[in-house]
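Next, two complexes with chain A in common: one pairs it with chain B, the other with chain C.
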Partner chain A sequence: MFQLSELQHDALVEIFNLGVGRAAAAMSRIVGEEVSMSVPMITFQSRAEVAKALGSAEGRRISAVAQHFEGAFHTEAFLMFPEEKSLEIVRLMVGQSLSLEELSEMEQEAMSEIGNIILNSCMGAFANAAGKELRGSLPTYHAGTGDDILGLSGKEWDGVVLTLKIDFNIERHHIYGYVAFLLDMPALQDLQRYIDDYLARLMG
Partner chain B sequence: MTTVLVVDDSKVSRLLSKQYILNRHPDWAIAEAASGEEAIDKLQTVTPDLVLLDLNMPGMGGLAAVEKIQAKCPTAHITLLTANVQDATRDKANALGIGFAEKPITEACIDRIIAVFENE
Partner chain C sequence: MQLSLLQGVLKAVRAGIIVFDAEQRIVFWNQWMEQHSQMPAADMQGKSFTDVFPDMVDGRTHVAIRAALENNFASLLSQTLNKAPFPLYANAADVANHVRMQQAVHVMPLEIASLSRHCVVQITDVSMAVSREKKLRELASELESQTLVDGMTGIANRRRFDLHLDDEFRRAKRNTSPLSLIMIDVDYFKDYNDNYGHQHGDQCLVQIAGALSSVLNRSRDLVARYGGEEFTVVLPDTNEDGAMQIAEAMRAEIEGLQIEHAYSGVAKFVTASLGVSTLVPDHMSKTGTLIHAADRALYQAKRSGRNCVVMYSDKKKSE
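So, the complex of A and B:
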């Protein structure tokens, strides 16, 4: 079973905290509201457990933007909201100038762009801290249950995946969502190496 | 008249850029392209003074389009306007001699790009 030492775990949270701060600032500029984000929570779970945590069992539907990053390490990144909130978020983004019909037409595409900005903010902070480059795929928008969303990458998530989950809250509008990064075993080993390099640099 | 070419595969990003530019300069002409290839095609009919260029697009990415745009429009001021906030990307923009601005696209962000362009 893969494990991070306490020091590696702390370093990973610290690095992602930089990304969280940046993502919160970006989200706040998109919606023109205060946005709070939690400290990243790191869990090791099976794919089924991750989907369950997303409410798959109750059939809860979510709106998600997925993006694959590769380079320093591979990860599947997701930005997720309750499906019924996505139109409201797009409205906050584009303002009042569009009709509901225009807004609906633009919903998926606007959500993809929001995902692109938020996920790149998180990954950019990580890449900068690691002194490496990460290449992101084009963002894709999906709606469905947690199971539907996590099955999208076409990968067999048969092993344990590391989930980095960050809750965020657009306070005035009571919109909760979260960002999650899933890493499988080979990615975890790469990630562990970068954390060690990062720690070695910090300690001189 | 000043002409701006907005290159972004995201329709909502093009819409926001256009809206914020026109808020500031209602008389400017705005042309749009959804990819690097489309931007280069557009140069046959449009000679932009300012180009806002997304990085991550289907087909030719923003950085690959830069040299082609510079070859056809050597005087155009180009700014990479991207969600990719990595130092590596910023360094590439510097090396190409173009501006760099971070998404999200807000009125303040567009104002800053215009200010740099106008002070050139």
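So, the complex of A and C:
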């Protein structure tokens, strides 16, 4: 599977940590509580491997918020949580306890906003570091297995998935989630080039 | 499409539309906005976001507008997390009462050739959806309050216990028969939860509920989840000796489950403390007396080292 050099890898982890840090600050302002987020690791995997890690084989259901980004490079971005965790996050943020086992329509919209904040912050941090322009779409909410969700961009797609594990803390609850970027070959090359440019400027 | 037609469409749209230029100045304010903000477009033209919405500076909406103008990113502001960011009102009465319209806001960058970047803010009235969900929430909690079964363990819940105890108390009063109550608390359960996780904690409570139920075999005996890791047992026509025997059998049954608990201060396995009280109610007695006595006995059991059964005794009387 595709690999970055150690330096490229560290730069990317740093950029994404900057991004989720901003997202956490924005979310803290919304809920008036301390929210913290970090990205402990990033990996490159095939779509099948990611789906497997998300428990697709066991039929595990995932809540996902998807956004399309284009410009400097094209990618489909996803924020994903196990469905029960997304209930936990939304209800912690909204401060209501509803015993329904699925997100209601309004809660789905709240989840979309949370995804929107996180994905925009991650891509914003990346675009700034790369000094490039990206356009971001509005978020859409999806529920299903990891396979269903990552399959949204068509069966033939055979690129690489850049996965960020996100460690999310709110009101003493620790919740793990994932951000995934689907990258085809050209996008992957663009990504690598931007990181190299960024590193070159840093070393400058 | 003709410009006049486009203008007509924007006028007719049942949503608020504001367009900002790259300097965050208002260049468009549609009729729906005029109607619900009570501010005419002519007054808004050319004004900056900061001037028109001083309360919203650096808020979520402002940040979203900047993200659209500077980064080209679209944003969604849900009603659930933002309530009503803009000072918009459904009608004149709401203006007078300061009741804002519930809003969903979309902020989208606009890229049009030959123009600097703009962004469009679209505001939708979601009051209907909000009240629909409120109704749904009320129905769900009403349904929940009517249920008699504890969702997690499947045994009787607190409400069923209250109802059952009232019934049995009245019956005992009529027949001048003894009524016993056992209060049960799992020892060091917080440490169990903290170390093994909530999922294992839940499983542990389910097993204990099963163990407690297995001890009872008379139809009017009832074991209920009192709350958290507390259980309670109602034993009609049962005197002190009978209640002590059942309580001891329950204690042994829980210990016998041998659920590993490395963080317990009293045993290697999950254990419980039990308090027992018995009463032959007279016309003055209340259920609260019985519950309070069992609670006191449970407290004594905790004080005497846990994993044991204590019978309530009225010290003042015996001294």
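Basically, the second predicted complex is superposed on the first by the 153 of 204 C-alpha atoms of A that agree within 3 Å, B and C clash if a C-alpha of one lies under 4 Å from a C-alpha of the other, contacts with A are read in each partner's own complex, and residues count from 1 in each chain.
Criterion: a residue touches a chain if its C-beta (ideal position, glycine included) is under 8 Å from a C-beta of that chain, and two chains touch if they have at least 3 such contacts.
The structure presented is a predicted model; accordingly, all values stated were derived computationally and were not measured.
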{"item": "First, second, both or neither for A:106, with chain B first and chain C second", "value": "both"}
{"item": "Partner chain in contact with A:41 - chain B first, chain C second, else both or neither", "value": "neither"}
{"item": "Which of chain B and chain C A:26 touches, first, second, both or neither", "value": "both"}
{"item": "Which of chain B and chain C A:120 touches, first, second, both or neither", "value": "both"}
{"item": "Touching partner for A:133 - first (chain B), second (chain C), both, neither", "value": "both"}
{"item": "Comparison of chain B and chain C by chain A residues contacted", "value": "C"}
{"item": "Where chain A meets both chain C and chain B, residue numbers", "value": "26, 29-30, 90, 93-94, 106, 109-110, 112-113, 116-117, 120, 123-124, 127, 133-134, 136, 138"}
{"item": "Interface residues, chain B side, partner chain A - complex", "value": "9-13, 15-16, 19, 56-58, 83-88, 102-104, 106, 109"}
{"item": "Residue numbers on chain A that touch chain C, as the complex places them", "value": "26, 29-31, 71, 90, 93-94, 96, 98-100, 104-107, 109-110, 112-114, 116-117, 120, 123-124, 127, 133-139"}
{"item": "Of all residues in chain A, those that touch chain B in their complex", "value": "22, 26, 29-30, 90, 93-94, 97, 106, 109-110, 112-113, 116-117, 120-121, 123-125, 127-128, 132-134, 136, 138"}
{"item": "Sites on chain C touched by chain A in the complex", "value": "59-60, 63, 67, 71-82, 104, 106, 108-109, 111, 126, 129-130, 133, 136-137, 140-141, 144, 151"}
